[in-house]
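Two complexes, one shared chain (chain A), two partners (chain B, chain C).
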Partner chain A sequence: MSTTPTAALFKERATTITKDLRHRAVIRGALQKYGVVRDAKKARFRDWQGARTAASEVKWQAINHLDTHLAQFAEKLEARGGIVHWARDGAEARQIILDIVRSKNAHAIVKSKVMTGEEIHINDALEEAGFEVVESDLGEYICQLRHEAPYHFVFPAMHLTRGEISDLFTEKLGTAPTNSPEELTMIARKVLRDKYIRADIGISGANFAIAETGMISITENEGNARLTCALPKTHIALLGIEKVLPKLSDLALFLPMLGTVGCGQLLTGYNTMYGGPKQPGEADGPEEFHVVLLDNRRTDLLASTEQRDALQCIRCGGCLNVCPIYKNIGGHTYGATYQGPIGSVITPHLRGLQEWKHLVFCSSLCGACTEACPVKIDLHHHLLQSRRDAITEKPVWWEKLTFQAVGMVFNRAWLFSLGMKLGRIGQIFHPLIKNTPLDPARAWTRARELPKVAPQTFREWWNQRK
Partner chain B sequence: MNARETIFGRIREALSHPAHKSGGHDQASPKPLGAATAADCMPFGGANAAEQLALFAQNAKELAADFYLVETPEELHAQLAELAQREGWKRVASHAGELTAAACKVLGLPVTLTDGGYDVADLEASDAGITECEALVAQTGSVLVTSRACGGRGLSVLPPHHVVLARRSQLVADLNAAFALLEARYAPSYPSMISFISGPSRTGDIERILVLGAHGPKKLTIFCL
Partner chain C sequence: MNVTLFIPCFIDACFPKAGASAVQILERLGHTVDYPQQLTCCGQPAFNSGYWEETRTVARPVLERLKDAEVVVILSGSCGAMIKNFYPELFQGLPEEAVAKAVAAKCYEFSDFLVTRLGVSDLGASFPHKVTFHDGCHGRRELGIKAQPRQLLASVRGLTLVEMEEAETCCGFGGTFSAKFPSVSAAMGEGKLASALETGAEYIVSNDSSCLMHQQGLIDRQGLPLKTIHLAEVLNNVQP
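Coming up: the complex of A and B.
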């Protein structure tokens, strides 16, 4: 495969981290705890497979009538005093948000977790423009202090131990070292409380947008999104256009499924629907509520007749948590906003197939992701389809040549048997060059033994038998 | 063409080509849902009031919320006063409501009422936020609050202890019933915030170890009359 700089970086990171036993132990430990609680909650469903079928059906219909639902969502929200913005790409979305922030003469911005924000690098844009932005989700806050991207789009700081977080807090916040997750959480709580009280703008994402009522729905555990949407005078929600669900009552299905597969909780701590700014007669809430709807090539994925269902994704992270590749190479190796199997499916669509095709080859195609997906996206089949597309679009000359040669040999019995004979002789001398630059099979022999050519082929044995 | 028109144009162009449906390769459940509805697949919410109550109590306990069933308003007030004393509350926050008003009167502490707007510093300084609720959901052990009936957005999440005063009649079986109740009560002019609260604020962001009181309340206490 021809190598782009993105692919080379991916390969380099993957090679290093797969040998990192400490990393492996941390990830396994975290995911084991998750697996136990997830399975216990799944068992509470009367028919888990039926619920998956129902959820998949609702999302499929929603995506296939996206224009109708989006128009209804915008109309309902505007009727309640919400302001709806449309952004074709990341640059437009950043500009819209910057314009709002500037028009409010804002100083401090508090953010709850928003992956779409990571996608368009909104923090960098706001900081460059001179605004203070603070992540309020604990995991995101830790990542922000470390100046690194989230490791997992549901568990951003899963790769860190309490010791590392304690060292980080000591260095950045000057707090005393501690070995207790509880004390560490309380440190962050105290620091961030103050930020909430001072913030003029709250930025959030959304897990769902409800067409019927013009609401967004946010699923969280910490209460940081609740505070982000309660205290600042202006609330900006940034979300992809694919988040829409037809009816409010659809959440009765989706909230428990998201909680169960996402965190192993039947419902997470807070599941909150916001429909507009503070309404007449209400005690508090923002004066302005802006919703920024982002395309950023989601419509390209919508146009794919084979992989359209990837837009059904509810970003639960369930496929990452069961993926043997993710568990070995870790979240940062992907170099993309969305990691794991779903990331490998959508990133080539959102950011270019040729540059990101290494992700679709990076799968064992075991299908654990497809089975885990609560909305039944055909994840591993899409990886296979994208492999085909990548090669059809831009054939690799030496692969093509190799397959031509193989075809030629396999079609001619005499050539095949000659090959077998030569192979038997060749393997005697192979150890002399094994794993040196002269070795044609080096990519394989670096970590593995070549299979031995049998001393006698079946054909030879059959002929001898008579 | 503006952004909205461009995006709608792209969507309509994309949707003019029918696509392969998802789940075609799924081995676990190849068959369609059939006569069963989504609600039949979800966790059970209890067939009658007694079952729902037992289920709610069990779920609340699992979520690390304190759930107390009380028989009379006097019993509620006595338990609340004891809680206030035990935790050393100096001031509380609440909102206008039948149950909340009576409870605050009994406590005899300084009260910040959020109804007509409030100073964030006062709410932040309160030891407890006392609210009523829209419903209790047996299926999940959740408390349903809205900005209209429960004192706004901040009251149930800013003070370190959230105390809910509910009535047994507010118990519903599951989320479907809760959404039906909201629709009957408010559609089409819903409150600007609707929140299902399931236990006190929590995080698992450090080594997936559960810690209560991440940003919101460290404790959630539910009194059910």
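Coming up: the complex of A and C.
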């Protein structure tokens, strides 16, 4: 594979982390526990496969009529005084948000979890412009204190043990060490409560945008999104255009589904709908309510007849949690906003196929992701299609030559037989160069023994028998 | 029935006993076995690497040799999925599409052929060992094969099947992936083998020799107390 700096970094990180047995154990342990509760909740569905089909159909319909659904969403929301912004790309979205923040003479910003914010690097933009931004989701807050990206787009700090989080709090916040999750949460809560009260802007994402009612729906477990969206005078919600669902009643399916696959809960702790600024006669809520709808090349993906179902994604993280690649290389290795199988499918579309094609090649195409996806995105086949597209666009000359040569051999059985005979001779001398730079099979022999050509191949056995 | 046998290239070269076992089993069941010698490889390595044109060069003669077969039995879930599921996609919109679909319809993975098509599950075999079964991903998820090999193993005398927790987790072979990302592939394999070891089994049995080739390679390098064996070899262990 031709190597870009992004690919080289990926490979380097992957090689290092796969040797880290502690990392392997932490992730395996966390995901095993998750798997047990997820399966228990899945079993509560009368017909899980039927639910997947229904969800997939709703989302398919939604993205195929994105234009009408989005227009309806904007119209309904604006009728209640919400302000809708359309951002073509990250730069436009950042500018829109910066303009709002500046116009409010804001000084402090509190954020609930928003992956599209990671996608457009909104924290960097706001901090560069001199604003204080605080993450209010516990996992995101931990990542922020560590100056690192979320490890998993649902469980941002899943790679850390309680001890590591305690050490981090001791170092950054000066609190006493503790091993109790409750105490750790209380430490963060105490710091964050003060931030909510002082913040004049709250930035959130959205899990769903309901076209029928012009509302956004946010799912969370900590109550931090409610405070982020309700306390500050201005609320800005940043979301991808694919988040739209046609009807309010669609949530009856999608909320339990997201809770089940996302966290192994029948329903997530808090599911809230936000429909605009404080209305006349209402006691609380923001004075201004902005929704920034982000394209950022999602419409390019929509144009792909083969892979547009990737826009059905509800960001539950279900595919990451079953992915043997993700479990072994971990979230940070991807170097992308969205990790795991869905990340490997959409990142090349959102950020360029040639630069990110290593993600589509770093898969055994096992299909566990596709099987787990609640909205039936054909994930692993999309990786295969993107491989084809990457190579058709830009073949690797030596690979092409190799496959042409191998094809010539395979199409001539006598040559194949000759190859086996040569292999038998070669393997006598192979131990001399095994796992050295001279070894043509080194990619294999670094970690494994090479299989041997049998003393009698199958075709030799067949011919002798006849 | 006249069965045309498709022996994957790696079975031909490295694991001929699996192929020979399949032939003997099918013949004992009263079928004639045909093995067209020009059949070598299904082209999957090129296909999974993105070289679809090069794949077609290899796949066309395969179709040519299989198109008149009564029924095709493929001794691998992976090559089975390639011919059965991916050939029609590979030739979509091309003149060979109809042939690819017709061939796909008469292709069976070995265990699926025995159980689903022939309705056989007891082959009179005995294998007095504790084994665990590895589901190759292509067989499991592309072809939906899970019960068939287990049904066959259940009838083997003396055999104890202990399922491992990670039976359906990929072992990390993944064809060219194993050479492109060797460290990731090996780490996945180690996870798989750890799960197999937990069962206390002597053998990992599978209907896919390619996965077993990778697992055996790791076992040999690390000196683990495990052996690998193709399902057909287990089923062919009959008293003369």
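Everything that follows uses one rule, which is that the second predicted complex is superposed on the first by the 449 of 466 C-alpha atoms of A that agree within 3 Å, B and C clash if a C-alpha of one lies under 4 Å from a C-alpha of the other, contacts with A are read in each partner's own complex, and residues count from 1 in each chain.
Simple rule for what comes next: a residue touches a chain if its C-beta (ideal position, glycine included) is under 8 Å from a C-beta of that chain, and two chains touch if they have at least 3 such contacts.
None of these values were measured; they are calculated from a predicted model.
**Student:** Are chain B and chain C a fit on chain A, or do they clash, once the structures share the same frame?
**Tutor:** Aligned on chain A, chain B and chain C fit with no clash.
**Student:** Using the touch definition from the top, say if A:W462 reaches chain B (first), chain C (second), both or neither.
**Tutor:** second
**Student:** Just chain B (first), just chain C (second), both, or neither: which does A:L66 touch?
**Tutor:** In the superposed model, A:L66 contacts chain B only, not chain C.
**Student:** Mind working out whether A:V114 is in touch with chain B, chain C, both or neither, as first, second, both or neither?
**Tutor:** neither
**Student:** Could you look at A:E182 and tell me whether it touches chain B, chain C, both or neither (first, second, both, neither)?
**Tutor:** After superposition on chain A, A:E182 lies in contact with chain B alone.
**Student:** Looking at A:L450, would you say it contacts chain B, chain C, both, or neither? Reply first, second, both or neither.
**Tutor:** In the superposed model, A:L450 contacts chain C only, not chain B.
**Student:** Looking at A:T370, would you say it contacts chain B, chain C, both, or neither? Reply first, second, both or neither.
**Tutor:** Touch partners of A:T370: chain B and chain C.
**Student:** Regarding the shared-chain residue A:V292, is it in contact with chain B (first), chain C (second), both, or neither?
**Tutor:** After superposing on A, A:V292 lies clear of both chain B and chain C.
**Student:** Quick check for you: in the superposed arrangement, does A:Q404 touch first (chain B), second (chain C), both or neither?
**Tutor:** A:Q404 sits against chain C, while chain B stays out of touch.
**Student:** Once both structures sit on chain A, report the angle chain B, chain A, chain C from C-alpha centres, rounded to the nearest 10 degrees.
**Tutor:** Reported to the nearest 10, the angle reads 120 degrees.
**Student:** Working from the superposed arrangement, determine the closest approach of chain B to chain C, counting only CA atoms, in whole Å.
**Tutor:** 6
**Student:** Where on chain A do chain B and chain C both make contact?
**Tutor:** 367, 370-371
**Student:** Which residues of chain A touch chain C once you look at their complex with the stated criterion?
**Tutor:** Chain A residues touching chain C: 1, 11, 14-15, 18-19, 24, 28, 324-325, 327-329, 361-368, 370-371, 384, 387-392, 395, 399-400, 403-404, 406-407, 409-411, 413, 416, 420, 423, 443-444, 446-454, 456-463.
**Student:** Show which residues of chain A lie in contact with chain B when the two form their complex.
**Tutor:** Residues 26, 29-30, 33-34, 44-58, 60, 64-67, 70-71, 80, 86-88, 92, 136-139, 142, 155-158, 160-162, 165, 181-182, 184-186, 188-189, 192-193, 197, 213, 215, 221-224, 226-227, 229-231, 241, 248-249, 251-253, 255-256, 263, 265-279, 281-285, 289, 293, 295, 299, 302-306, 308-309, 312, 367, 370-371, 375-378, 381.
**Student:** Across the complex, what residues on chain B touch chain A?
**Tutor:** Spelled out, the residues of chain B in touch with chain A are 2-4, 6-8, 10-15, 17-29, 32-33, 36-44, 59, 95, 114-118, 120-121, 124, 139-140, 142, 147-148, 151-158, 174-176, 178-180, 182-183, 187-209, 211, 213-217.
**Student:** Could you please specify the touching residues of chain C with respect to chain A in the complex?
**Tutor:** It comes out as residues 7, 9-17, 19-20, 23, 35, 37-41, 43, 45-46, 48-52, 54-55, 57-58, 61, 137, 140-142, 168-170, 172-175, 177-189, 191, 213-214, 216-218, 220-221.
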